[in-house]
């Protein structure tokens, strides 16, 4: 039995549900010789802002017991102009779809970045990062308020006809109003979820493990939270959901599909296993074969009531 | 420039001194490609806990084998130390930018602190045979040597110990200062790797005497390939960062901030 | 060296910083023969509402890889009248301090419960649960809005002179406005944090592992998030903080003290180790001895900058 | 009524059939206090992953020892199965409410499905010697027996197998129905423990014939002592819940909802 891995999301068709999580896969070519692009439906780049950002003081990454990691990169990136000028050759254009993650401190910045990217023809779509825990301004302040979310999606929607995804934070008392706001303004996919805010302490030295003290908590411990967000969002809206949070095996992917996701973002897993896309796709196909399922996409939302 | 993923096979596991382990790993591809100063990113768990790979300098290599030599610090290195002959080691590499060899007529001075000796062991092998050089190693005490006695002899390594239990009593940068006095006038190039305080002293010394130096840095890493920006170090001018996994791990000593605050 | 374990929080002195996390220690006597009360500064009861609540459909608890658990109890409790009538004998009054956790769907319910409890003399104080992820109404809806938090604390503050703690959710884009609101209205301690929303799926049966689908995610994987919340709250306000989230060892406790906590709540750990209070207290004292610290309380907020 | 915490010591570990393990544990306090139907809450990890204890019925006990007999299902039981003689088992117990013995003149009928036999093995021992009784056990097939052949013989256990590979072909509730026919008119009391579908059938049968029954239930647990409300089961009237760890695990069959929806 051959399992059909293609997924359709509105106007978009991806050859597999697997995408990369923004910030974990750089500008697309860093893993070049190590990753099998054919297993990926698309990549999402590091978040790009209007101007270059240096990022946070080091150390920027640490581990927590139980398989978690915390990063405090602080959206270090070369800015949209540098990106357009320098990174075209880096992007795996043609090998897979390319979505640009966009970040900003205010509505205007999102629009500026998108407008500049509209000038180049190698972009398949955007993912608006409304949820970074690692910056003082923007990030959670914006993403935490459904009115601000609505405003940004509306303005960006007016600036582009390309595919538009919106990435949200789990630090919301309720996710429904936020996903409804984003969907209502024309978001074509909702990415759930960005990292949790986390922190770790070196008790012997009585110091934080990260230069910025707090950071974004990701990896397997995030999975239960991301699953809940995906499920709650799928109950609230009809827009395709891209899951992000602790996907390291094919069965993790299946959990998210069942909970309602259409796309699956691989993030931290690249730091442990550069062959993750091929392996995870295979593990999901094995699951389908075991259960007599012929299309991966058929799993989406198929959680049965208890 | 093109790292590969390779499943190495452990051929030998020995304890060099208490808490310092040497794995001889058969890994023909990486062993064939590695330059001194480059590193491999090693998976320590078969699952995802601990989650991150551990960066390890490529030690002496050749003949399809490379040596990983490391101090047991925490959970990751403890797991790695448990690898026995026949076990596999999941690695990607070689990664990063290694040491540039010295120009004609310049004497390379290899200055290692503790486990920082590893990349310099490979550099020592890759420097042209017969080239004059000096290889200095500082450790706390002879009980925590990071190189075997026989290697010390064979490689003509000059040892400094804090407690004077072997060789020069004092730190390795003081020993280096003496050597520089002896070599007065001759052109040298320093190759350094070691703990933060050593690098701080080394930079001060190099600046005082206007000697060029390349140093290899250690910071926590995520991807190891330049994708995640986890491994940033402050530039010397404190305006922006460089990436250890991509721009380094070997840097010109003048390029990076090596002040105590920058090396927590 | 003998380490002084007493902690002072405004008018309140506890003989140790250890408290129990609401809902994990019942009405106080269930672990009776198994727990050493002398290691506890106080207990916090299961959350009490104005009327009995049956709770959520089973299963109500499951595990996640990496040491997490998810519960969907749904605030099952006997209601304030039943509590007053039946549970006085259960409460370890005299053995340790007793704080009553109070929950409601609206301001009035919190006030009603507190007013009834004001009539009995064995209560040392209250913890307002403004953060339960397991109920449709109340819970996160209330705790997610700093204005609602302010309103409840104000009304309850007017109804009692007893010690008043307020327990908050990590599902906030920013914790500062919420803790400022609670502190501004007279909260004497802030409990951070309640559980995250989490979910787990049985892929083979394609069903949720919990009857209520989602639940509250606790245990070690919650610790990094709770630490970040404690640290952020300690930066924002001067009110004592009670830490809750993944404390299972003495070093976990030390991490929270360094991050700014004064009290430490033991929750899920009781399900694994009923001797946790004595063990954790001992481990913290050992740490102090190793570092030449004579009073546990001296650790609070002593995180040094990197 | 007063559980204790006790570190048991494994004295014997045997595999009764594929995936069914019996640990003989020295634990004088708990062994001395336990009534059939009560359980111990067992820590399976020395750390906190998996986090929760696992509830296990107290099996045959006496002489300062108790038997834990369990099917390997997931991570926790796999860890428990790895315990070898000399290892410790961290337990709290005895917990919960056990079986009430039958009144004078009433014949106890012990009806077990699979691993549900465990509490009934202890009940069988604790019933007055010489008291007339019937002990029925249903399993899928003789390869997955939860009791050894010699025990089956010694305890006069009547076996039903789904595939007919041993004893009666069919399920144990069908076998029970036959017995009831044979016993027609005599007063009996049923003691049941087994998987959900068996309990559903059992309840139907008991209602049809108006026979009193006590059943032991299995649900995921947190605290095990009535503190956390994790172990709720729906009451028969579906108005509210009972706690398995405190009100049970043994319930009057009429007290709890045993419909398929209630036993996921």
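Letters A, B, C and D mark the chains in the order given here, with residues in each chain numbered from 1 onward.
The rule we apply is simple: a residue touches a chain if its C-beta (ideal position, glycine included) is under 8 Å from a C-beta of that chain, and two chains touch if they have at least 3 such contacts.
Given the structure is predicted, the values throughout are model-derived calculations rather than measurements.
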Suppose you hop from chain B to any chain it touches, then on again the same way; how many hops at least until you reach chain D?
-> 3
Separation of mean Cα positions, chain C and chain B [Å, integer] | 47
If you average the CA atoms of chain A and of chain B, how far apart do the two points sit, in angstrom?
-> 36
Touching two or more other chains - residues of chain A | 57, 59, 65-68, 207, 211, 220, 306
Among the residues of chain D, which are close enough to touch at least two other chains?
-> 49, 264
Using the contact definition from the top, classify how the chains connect: line, ring, star, complete or other.
-> line
Who touches whom among the chains?
-> A-B, A-C, C-D
Show which residues of chain A lie in contact with chain B when the two form their complex.
-> 23-27, 30-34, 46, 54-55, 57-63, 65-69, 71, 73, 76, 207, 211, 219-220, 248, 268-275
Which of the residues in chain A come into contact with chain C in the complex?
-> 57, 59, 64-68, 70, 140-141, 143-145, 169-174, 196-201, 203, 205-208, 210-211, 213-214, 217, 220-221, 223-225, 227-229, 231-232, 251, 254-255, 258-259, 287, 302-306
In the complex formed with chain C, which residues of chain D make contact?
-> 2-5, 43, 47-53, 92, 219-234, 239-241, 264
